[in-house]
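Each structure below appears as structure tokens.
Next come two complexes built around chain A: one with chain B, the other with chain C.
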Partner chain A sequence: MSKPRVATTSLAGCFGCHMSLLDIDDRILQLIDLVEFDRSPVDDIKHISQRCAIGLVEGGCCNEENVHVLEEFRANCDVLISFGDCATMGGIPAMRNNIPLEECIDEAYRSGPTVYNPQGIVPDDPEIPLLLDKVYPAHEVVKIDYCLPGCPPSADTLWAALTALLSGQPIELPYELLKYD
Partner chain B sequence: MSDSVTITIDGRNIEARPGQTILEAADAAGIYIPRLCSHPDLKPIGSCRVCTVVVDGRPQAACVKPVMDGMVVQNSTPELLQHRRNIVDMMFVEGNHFCMFCEKSGNCELQAMAYRFGITAPQYPFQFPEKEVDASHPDILLDHNRCIMCARCVRASQELDGKNVFQSIGRGFARKIGVNGERALGDTDMAATDKAADICPVGCIVRKRVGFEKPIGQRLYDTRPIGSDIEEVRA
Partner chain C sequence: MGAMESTIKEVCKRYGNSRARLMDMVRDVQEQLGHVPRESFALIAREANTHRVEVESVVSFYAFLTDKKQGRVVLRLCDDIIDRFKGGGEVGAALCKALGIGFGETTPDGGITLDKTPCIGMSDQAPAMMVNDTVVTNLSPEAVPALVEALRRNPDPQALVTEFGDGNNADPLVQAMVNSNIREAGPVILANYRKEGGLRKALTQTPDEVIEDIKISGLRGRGGAGFLTGLKWELTRQSPGTEKYVLCNADEGEPGTFKDRVLLTERADLVLEGMTVAAYAIGAETGIIYLRGEYAYLRRFLEEKLNRRREARLLGNTILGREGFNFDIRIQMGAGAYVCGEETSLISSCEGTRGDPTDRTPFPVVKGYMVSPTAVNNVETYCCAARIMDMGPGWFASIGTARSAGTKLLSLCGDCERPGIYEVPFGTPLGEVLKRAGAEDVACVCVGGPSGQMVGPAQFGMGISYEELSTGGSVMVFSSQRDILEVAGAFMEFFVEESCGYCVPCRVGNVLLRSRLERVRNGEGTKGDLDYLRRLGESVKFSSRCGLGQTSPNPILSTLKHFRPVYNALVKDGGGTVNKSFHIMKAVEQASAIAGRRSEIFHA
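Moving on, here comes the complex of A and B:
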């Protein structure tokens, strides 16, 4: 029997949650015995190649590309997990949510104290994904099966969740492993 | 008149004193009823409704409902647990609670309640309301983003400090804690020694320059769920 496939991605996040995944230390050797990684920053595969058992999503959705990636994950993963405070609650990127988008762009590209942009150009290349009006946690965009909060979720939290799923159990975190910070 | 009454909580007989609230009687018996606005040093107002129990078939706030002989109280039914979870979820989406950089994290009663209930993400859409931060006071920060409108600060200032620094103002979603000063908290007679400075269950009213004092792992709710101290009375 082939190994279950795991895909991971970082949307509007800082990759800290992926760092936490690497922080399982030598258990990563057990993990690669147990699973095959599909699309992931770990192996740089750009699109999900075949049906995956588990999808791990770091970060919420701040632009249209995030939404496309998240939809690809939902369509191709049996169990989709959002991990980290950005994916589960919006997190730091969501701090822009009560500031009008125009003001955010103005601060970033025109009037910020360290900006030099005499012509006031705002990047608008079609290659650049359009920003959403707000940053949305993953579960407000697609159905998410499990949320693992934390900034980042600890390596033990991620390990507990993955090993539970890989042995066919539901994720039930002990008190010490459910944290928002 | 007898100096003791008997009530049952989740089928267990509890001796209580007349005049006690259900919450006080439960605390004394080692039964934890979750609560946020209630505080042992303050008069209860039944505002947050997290302590809702079913008394003889009717929902009641345990922090304000006095005990009566023969009362039958339900505390841990699936419906009540869901009801409390819903309230906590609403508090999370109606404010801007960024636990990852909040100095109250680990010692926050709202966060601890969510941990105790096993909430991994709120079930309601986030509102991300626009709220103010009042940093005008030299020693105390007032961050409305984190307020849950428990009014503990209002009561502590009046009942414990003999002042009137805080008041609830506005209605509905626009309701907020106002300060009794010309413009901001710095214009009030709030002092760092006030009881109101330490009574906030969340990170809305916090002392400046003492944040992140305790490392992660040693904070109040890092390893023990909120209410453990009360439940240990029974153990």
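Moving on, here comes the complex of A and C:
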């Protein structure tokens, strides 16, 4: 039997959750014995190549491309997990949600204290995805099967969740793995 | 000294410059100046020996207080769901049109301010609104232009009242167009009774004997929570403290309830008699009636009742010749805050602060008003207590059911032929009450107001009682023409507005509940959303600090329980993996306008 495939992506996140995934250290060798990685920043595969058992989503959706990727994951993964506070709640990027989009763009490109832009040009290449009106957690956009909180969730938390899922065992996340003080 | 300063000095002096009377001071300042200007905060604080922030927090907390300049006339249209169903929306539109302004705005000449307010206790004569303190009932969009014209000619709102209502509403000190609409009188409260019979009888007994009688009668609090009144009085009496207080909760804010308004109009003496009995039993010398701001039109009438009782030696020193029994009552006006009906909030408000609830323990019976033992009871409870003293506890206990003694006043409103007040023995089935009120084609009844339960025909056989269908008085009837979830949504909106904001489960939870319900109503929900509503509702109930948050999820939880098919019809899980409430084109609309181009990815 072929190994179950896992795809991962980082949307409106900081890649911290992926760094945390790498923090499983040498257990990554066990992991690649257990699974085959499909689309992921880890292997730089750009699109999901075939049906995956598990999709891991870091970050929420701040622009149309994030939505597009998330929909691709949803369509191709049996189980979709949002991990980290940005994916599950919007996180830091969602701090802009109370500020009108126009003001955000203005602050970023024209009037921010460290901006030098005498012509007041806002980058507008069609290649640049349009921003959404606000930042959405992943489950507001597509159905999400599991949420793993944490900023980031620790390597042990991710390991516990993945191995439980792969072995079909009930997940056990003791208090130590879910406290953040 | 400026005019404002002298006004403030005078007002604060009126209340002994006591910070505990801050509510009254601020109300009076607003009455004289039209609003409470921000520049006055520091002055008031200085005169009242408190901090500026205390003044600001009071002004900002209560809906009827404002630091913004308002018109000479303030219109507050009742925005309760019953009023909406009776055409309140059309009346609101007509008002906007006639005045040329929107809600929350003032006409350019500074004459008239238009606003909305939650239930003003006139649901049996909806739609209604307050014009300053005057209540105008049975509004229609057709009548609005003439009404606005009349107010422009003569800003005295009382001039709008051309015909007085029934009973004491026509009293020279009330002169309201409000109707009491007493449809059915029961034996306890609305029957003819021996005036002061209860008080005289009580004075022949010792305070402990009075408490014993109340305990034997089985009387429970009529506000809704149903705590044993005799036990409450006993605890208040036994708690250490030299000063004790008797508070009457007349902050009838539960939408759809108006029985206390009728009691204060038609049975004011019985209420005051009951309070006096309580004072005797507890050993209190001071009583306070906390009268909701919406009922300000009853204030002069009640003040006069108090004066007459003082003259008749029914209040004051040596009541009815009884040496050492001294008791007097003052009226504390509220200012438009639902949460103040919660007893610890009510006490905070009486002490002149924001109407924030406080932690229990200690309970008010131990440390209440002014950190002294305090018995807070509902208007109707005091009426019952006076009658129990007169007629005996056995008589009272023989009415109603084993666990709910006596009768209950119900205020019926909504889709029925005869809305108004019904006094029924506890245990009377809901269906029976509906029949008497001429309510046919009933799909849903909200028993106990938004914080109560929404029930369907399957529950109509249940009795009105603490053990079955508990209510503080509100019974709202909705016909099959009404959208039940629109009702639930309106109730959630109400709670979001009225949460005091102190604790997170209530402040945030109610907003989340409201928006998720909205999603389901829009047909964008899934079965998972129903589960989310139930779980979140339970959490809000479990973890909120006071009665508001502990009951606010009820409109959702009770409809999920009793009207599940309505929800099921709205959520169809078509194997949906994409969230229907997310609309990509809408989400990129702003950015698309800013960039001046369409979405490269999603534009078909």
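Keep in mind that, in the parts below, the second predicted complex is superposed on the first by the 175 of 181 C-alpha atoms of A that agree within 3 Å, B and C clash if a C-alpha of one lies under 4 Å from a C-alpha of the other, contacts with A are read in each partner's own complex, and residues count from 1 in each chain.
Please note the rule applied: contacts are C-beta pairs under 8 Å (C-beta built on N, C-alpha and C of every residue); 3 or more make two chains touch, one makes a residue touch a chain.
Just so it is clear, the model here is predicted, and its values are computed rather than measured.
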item: Partners on chain A (chain B, chain C) - clash or fit; value: clash
item: Touching partner for A:180 - first (chain B), second (chain C), both, neither; value: first
item: Contacts of A:10 with chain B and chain C, given as first, second, both or neither; value: neither
item: Partner chain(s) touched by A:85 [first = chain B, second = chain C, both, neither]; value: first
item: Partner chain(s) touched by A:105 [first = chain B, second = chain C, both, neither]; value: second
item: Touched partner set for A:68, first chain B, second chain C, both or neither; value: second
item: Chain B versus chain C as contact partner of A:139, first or second or both or neither; value: both
item: Clash with chain C, by chain B stretch, listed 42-50, 114-122 or 132-140; value: 42-50
item: Contact residues of chain A, present in both the chain B and the chain C interface; value: 134, 139-140
item: Touching residues (chain side chain A, partner chain B) in the complex; value: 82, 85, 88-92, 94-95, 97-98, 134, 137, 139-140, 144, 146-149, 151, 173, 175-176, 178-181
item: List of chain C residues in touch with chain A within their complex; value: 526, 528, 576-579, 581-582, 584, 586-592, 594-597, 599-602
item: Residues of chain A that touch chain C when the two form their complex; value: 63-65, 67-68, 71, 74-75, 101-102, 105, 122, 124, 126, 129-134, 136, 139-143
item: Parts of chain B lying in touch with chain A, wherever the complex brings them together; value: 92, 96-102, 105-106, 111, 114-116, 118, 120-122, 125-126, 128-131, 216, 222-223, 225
